[in-house]
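Heads up, the next two complexes both have chain A, just with different partners, chain B and then chain C.
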Partner chain A sequence: MLRRILERVLVSLGVIFGAVTLIFLVLNWLPGDAATLVAGDDASAETIAHVRAKLGTNRSLGAQYRSYLAGLVHGDLGTSYVTREPVVSRLAAQLPATAALTLAACSVAILLGVGLGVLSALNHGRWFDQVVQAVSLFWVSMPSFWLGILMILIFSVRLGWLPVIGDGGLLPSVLPVLTLGMVVSVPLQRMVRDGMLEGLHEPYVTTLRAKGLGERRIFYVHVLRNALTPTVTLLGVLVGELLSGAVIIETLFARQGIGRTTVEAITQKDMPVVQGAILIASVSYVLVNLLVDLSYNWIDPRTRLATSKGTR
Partner chain B sequence: MKSALEQLGGASGGSLPDVVFEAPRATAPRRVSAVRRSASSAPETPEEPSWSRKVLGFLSQLRLADVLVGISLLVLAFVLSCACVPSLIAPFLPTDMRSDAILVAPGAAHFFGTDQFGRDVFTLVVYGARQSLLIGVFAVLISCGVGVSIGLTAGYAGGWIDTILMRFIDVWMAIPAILLAIALSTVLGPSLHNTILAVSVAAIPRYARVLRGQARSVRSRPFIEASRAAGASHWAILRRHVLPHCSVQILVMATLGVGGSILVGSGLSFLGLGVNDERPDWGYLLTQGRSYLTVAWWTVTYPGLAITALVVSVNLLGDALRRRFDPRSAPR
Partner chain C sequence: MRLDPRLGLPALMLSLCLVACGKHGGEASASQSANPVVVGKPHSGGELVFAFDGASLTQFALDPHKSAFAPHARVIRSIFDSLVVLLPGHRIGPWLAKSWEISPDGLSYTFHLRDDVKFHDGTRFDAVAVKFNLDRIKEPKNALYALSDIGGYQASRVVDDFTLRVEFAQPYAPFLANLSKSSLGIVSPAAVQKYGDQFPLHPVGTGPFRFTSMAPGTEIALERNPDYQWSPSGAAHNGPAWLDRLTFKNVPEEATRVAVLENGQAGAVDLIPPQNLVQLRTSTKFHLIERELLNHNYSLYLNSRREPWSDERVRKAFRLSLDVDAAVKTIYLGTARRAWSPLSPSLLGYDASLEGGWKQDRAAAKHALDDLGWKPGPDGIRVKDGKRLTVSFLDAQGNREKRLDLITIFRRQLHDSGFDLKIDSESLGAWIEKTQSGEFDLVAGSLFAPDPDVLQRIYASGRPTLLSIFKGADPELNHLLEAGSQALTDDERVHLYQQAQRLIVDKTYSIPTYVLIYSVAAANRVQGISVDAHGFPVLSDAWLQ
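This part shows the complex of A and B:
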């Protein structure tokens, strides 16, 4: 048990290290010189050389990578090209807003996804199910920012119920959270629904019926629990979608947060900030999936058996 | 994972009222005409009762799923013709700016209204189809090609090759897709080519993962061993046996992937990293209109509707393919 946990943690650390390297390579190795970006296109050769020396980009890629890693180990993500403040403090200031947005959206997604999934499975084939399936098809086929724009048009412009943009406070957060949650809820809803429909035909349901258990209890306690197990894995994958979605939603609703900071940094060609933000997203993704992986032992007794046999 | 409207058709086989079964004929042309607003009316039912009964009989045999596929094909055909010959469909030129018609609401002269430069939004949407479709199709061709190659190689070879490739894919997947696409297009700069490249690089891991699983299961089948024994090279086995066994999966994933790529591409445009102003794609049009949201809803609504209609159609087709070929999801 402990060995397995240790193993998973090590693998995750390896993946994080790999992601750090990949992000570094993408942002530093590909064409596009940071010094030229900072100094501007019309800067003289000397200025560019000067900036290059100041940024340390005149060194070899290997040397830059080494110093980046050394900084990283000490919790240093570099310095912003634009504001000259440390990337860590700049991103740390933005982290709570993004964390709040993604967590709230995640709760909405789970509520909507599991709720609608269960209800559609219960009403399988009836109009409720069909409406949910049709609506969810549209939800996943819309660009998330368009869904957000439509919500603004309907709830803010037409009905005037909610403010269009704004930071802090509960009211301006309703639309962003709902939009992000709705987009992410669709895969959950489908998985819960399909899982429950499949589960209803499993032999154990017959056994439970034969034991005289009520349909309600079978449905909500046994079948639902079994359907939720793969849903937890999916939730881990969806964290990536949530983080990607946060970039777009924060930009659309002009909210504070890491996503909007990233987009701002991109327009200013502020590479250390972009690099740091993507790094934070990747690390969160890996950590959440590590947790999901470890929680399996606790959620699904079958994996416990499998690991003790060493099949996984 | 991204199954769209999976059981809508399958489940509703015979239980829907006739009204719904007649809907296809009515909706199919109406969908198109809603976009084109050409005055084409639905085909008149002739006087002969036998003929109309035949049509009704035919219609009542159609399942909702088939109807949806039909509508999707119509939408795709229309978008495709917009992409190929926009000048035949659009009433104006995308460069026509009329200072006397700025932000005009949808009406007889401009079905979709005009934007802040007095350009006809319908024309812009028609001309934008090519960019959006190019992003969707080419991003899938690249990501599918690379992803399938990696996945098949890893799954078929197994051993250390598999381990190395899949660890690499794990790392690749750890960077959320849109963020990876953002990073790439930041470095590469905004253009159609770079958007396609960024979108496809971000989508590769998913293909690799799924195809690796498929290849592994095919590899363990006896006929692979038999071909090896008969002297077939690994390359020949991969090409003649493993790949064909995965072709359905590839087809389904690629079809659904077109929709996903269009969405990611439009997201990049929204963030200002996508296609530039000269040949605006739908995502860019949407972004432009965002500034005029409160005064001119049409500038954002119609480009978004175009994206959604296209992606919904592609997803419906992908699901239909899956239902057709995947025995597990067939009856329910």
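This part shows the complex of A and C:
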């Protein structure tokens, strides 16, 4: 078990290193020069050259990459080209908002996804199932941007129950969290529902029934657990969706966030900020997937067995 | 071209507005809505939340000399004062400078400054401080955007504590108008030295509000400057601002801005989308303040350095295919006027005789293209020597102000004549690189400025900058624009700029589209908001009922 975790951590470090390197190459390959953007409309060639030297973008790619990695090892992510702030403090200012939004939205997605998935499977073919399927089809087909506006119009403007904007605080977060969470919940709900419906026809269910187990126990303990394995895998993939959805939600609800910061930094070719943001995104992606992997051990005893055999 | 997505963008991208006023401009183009507005007596107190369109900004840079981006300039105006103020009718009024003289050769300006002004950090405003500001902008190492606003500035001489002589290498007629821009707002030398690179995050000026805090990307909090006694001429009142606190919230999505106005989270919001403007005009709960933003109108530029656009007849055929009136009406629902000149109507020298100067004529366009050997291909797109009549439109600003919607309508109109317009969306960095190298057929943009000299920034081919998106080279136009920036009287300048405008339109160097109106909508409990002659909001006179 320990060895398996160690292996996963090493692989994860490799993934993060690869992501950082890849984004470094891609950003350098894209057209545009940060120094020209920073220097101003009327900047002379001399001014632009001076700005390049100040930013360090006049050095060779190799030299820039080495100094970036050296900084990274010391926890220094560099300084924003545009605002001359340390990247660490720039991102630290935006991270809590994104973390709160995505974690809360993820919880909503899990509650809704698993809850509705189970209930739909239980009520397979009945009106409840049909309504849930229709609503979720609608929800997942609409752009989240549009759904957000719809939520604002209904709950803020018409009913006046909730504020639209505001950093921090519980109330201003309700609409953005619900919008993002509901969008992400749809694939989970489908996965749980279909997994359970399929599970009910598996031979092991017949065996369990033959052994005299109650339907309730079969359903909630055995079938649900089997349906959860692919659902948890899917959840790992959906982290990407959460992070990209956050960009849209942050803009719509005028919230702080890493998503908006990244998009802005990309258009400005503010490399240190983009790299810092990608680092955070890849670390969280890798972390979640590490947790997903480990959770298999708990959900599915077969993987546990395989692991212990392997370690022996 | 107002690209939104960055902090210190070329002014060109910025867009909106400029200084104002035209012969019939200024007053004529400013309009306060006719909504019933409850009036009363202004009094102190309270907080105004002003939700503005800060685009994708996630960090604010509140250094007037560094931020050419219009959303920043709207906030900066409340924190920083200028030496002079622009008044309707192209007049310049006193502000931090009580009076000034210009030498007969136009090479030197002597400013007599107010002696009772303090920066927010308590330091004294004087001739040394103004000299510091101008020298700071001139220093190339500082790489400040305001450099383009001081022309051939040479040096400043401190005559006494409150008298400053500013010297130029050549006459620079736009200087006073530029001085009224927030980009030449006066910053505290002590604060610049104290904060260095971080000054944009700790802005210190002499304005009616002082900076208290910001939440990066979402909020900028200001409070009243209680010492303020130096309001510009033309202000509704002299003395400290009425509001205790002024909080700017960056709400980039237009539908969200309207929602926070309606649910009361904001007392005022700016840049209202057309459909809501129409609605708000008849509202009894809200009122509108609208004014033309002084600027080089949002215009289309065909790359006249590239085939086939180097041929004036092809450019004309392109223009004849367009129904600009119909497109502007469809997209802006009557809230924006169609533009005929590159200059917005309230700018000095606007040539009203260009209005109605041409109209769509598809038959003529098709005829001209046939004659030039561009024959319709099987799919309707014209072809010559195996090459399709493709127009690659280079864009980096997306649909801000519905500009991409406008282009989409043009695209359909052009298709009828056999042009195939393709939209090439790029990041700002790539956009700049491609406009610099000339890798495009069509670009479009606006540029805010208080003076017709804005034409020189775009069309002069002598010393290209990031703003030179006109790719042709016309010696006559260069001459007119240079003479215009150096002429000593307004009459002479008007004459030169009218010739320049006619030349630009006659040769189809650019195709103006619409006149941008800056709008603020406020709840009726919020009174006294106005928009200055440039088209930027003034909040020092705002008060709450």
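Here are a few things to note about the model shown:
One rule holds for everything that comes next: the second predicted complex is superposed on the first by the 294 of 312 C-alpha atoms of A that agree within 3 Å, B and C clash if a C-alpha of one lies under 4 Å from a C-alpha of the other, contacts with A are read in each partner's own complex, and residues count from 1 in each chain.
Quick note on the criterion: contacts are C-beta pairs under 8 Å (C-beta built on N, C-alpha and C of every residue); 3 or more make two chains touch, one makes a residue touch a chain.
Keep in mind the model is a prediction, meaning the values are calculated, not measured.
After superposition onto chain A, the partners chain B and chain C occupy overlapping space and clash. Once the two complexes are laid over each other on the shared chain, residue contacts for A:Ala92 go to neither chain B nor chain C. By the touch criterion stated above, A:Asp42 is placed in contact with chain C alone, chain B being left untouched.
Legend: residue contacts after superposition of the two complexes on their common chain; A:Val157 is shown touching both chain B and chain C. In the superposed model, A:Ile149 lies in contact with both chain B and chain C.
Looking at the shared chain after the overlay, A:Val15 reaches chain B, while chain C stays out of its contact range. With both structures placed on the common chain, the touch criterion links A:Val82 to chain C but leaves chain B unconnected.
In the superposition on chain A, contact is made by A:Ile278 with chain B only, not with chain C.
Of the two partner chains, both chain B and chain C are touched by A:Thr251. After overlaying the two complexes on the shared chain, residue contacts for A:Val263 are found with chain B and with chain C alike.
Only one of the stretches 99-107, 171-179, 405-413 or 459-467 belonging to chain C overlaps chain B in the superposed arrangement, and that stretch is 405-413. Taken together, the two complexes place residues 30-32, 149, 152-153, 157, 164, 251-252, 263, 266-267, 269 of chain A in contact with chain B and also with chain C.
Of all residues in chain C, those touching chain A in their complex are 5-12, 51, 56-59, 61, 68, 140-141, 143-145, 147-148, 197-198, 200-201, 215-219, 249-253, 255-256, 259-260, 262-263, 265, 396, 426-434, 457, 465-467. Chain A meets chain B in the complex at residues 14-16, 18-19, 21-23, 26-27, 30-32, 124-125, 129-130, 133-134, 136-138, 140-146, 149-150, 152-153, 157, 164, 187, 190-191, 194, 197, 234, 240-241, 243-245, 247-248, 251-252, 262-263, 266-267, 269, 271, 274, 277-278, 281-282, 285-286. The touching residues of chain A, counted against chain C in their complex, run 30-34, 36-44, 46-47, 50-51, 80, 82-85, 90, 93-94, 149, 152-153, 156-157, 160, 163-167, 251-257, 260-261, 263-264, 266-269.
Chain B contributes residues 1-8, 11-12, 15, 167-168, 170-180, 182-184, 186-189, 259, 263, 266-267, 270-273, 283, 286, 290, 293-294, 297, 300-301, 304, 307-308, 311-312, 315-316, 332 to its touches with chain A in the complex.
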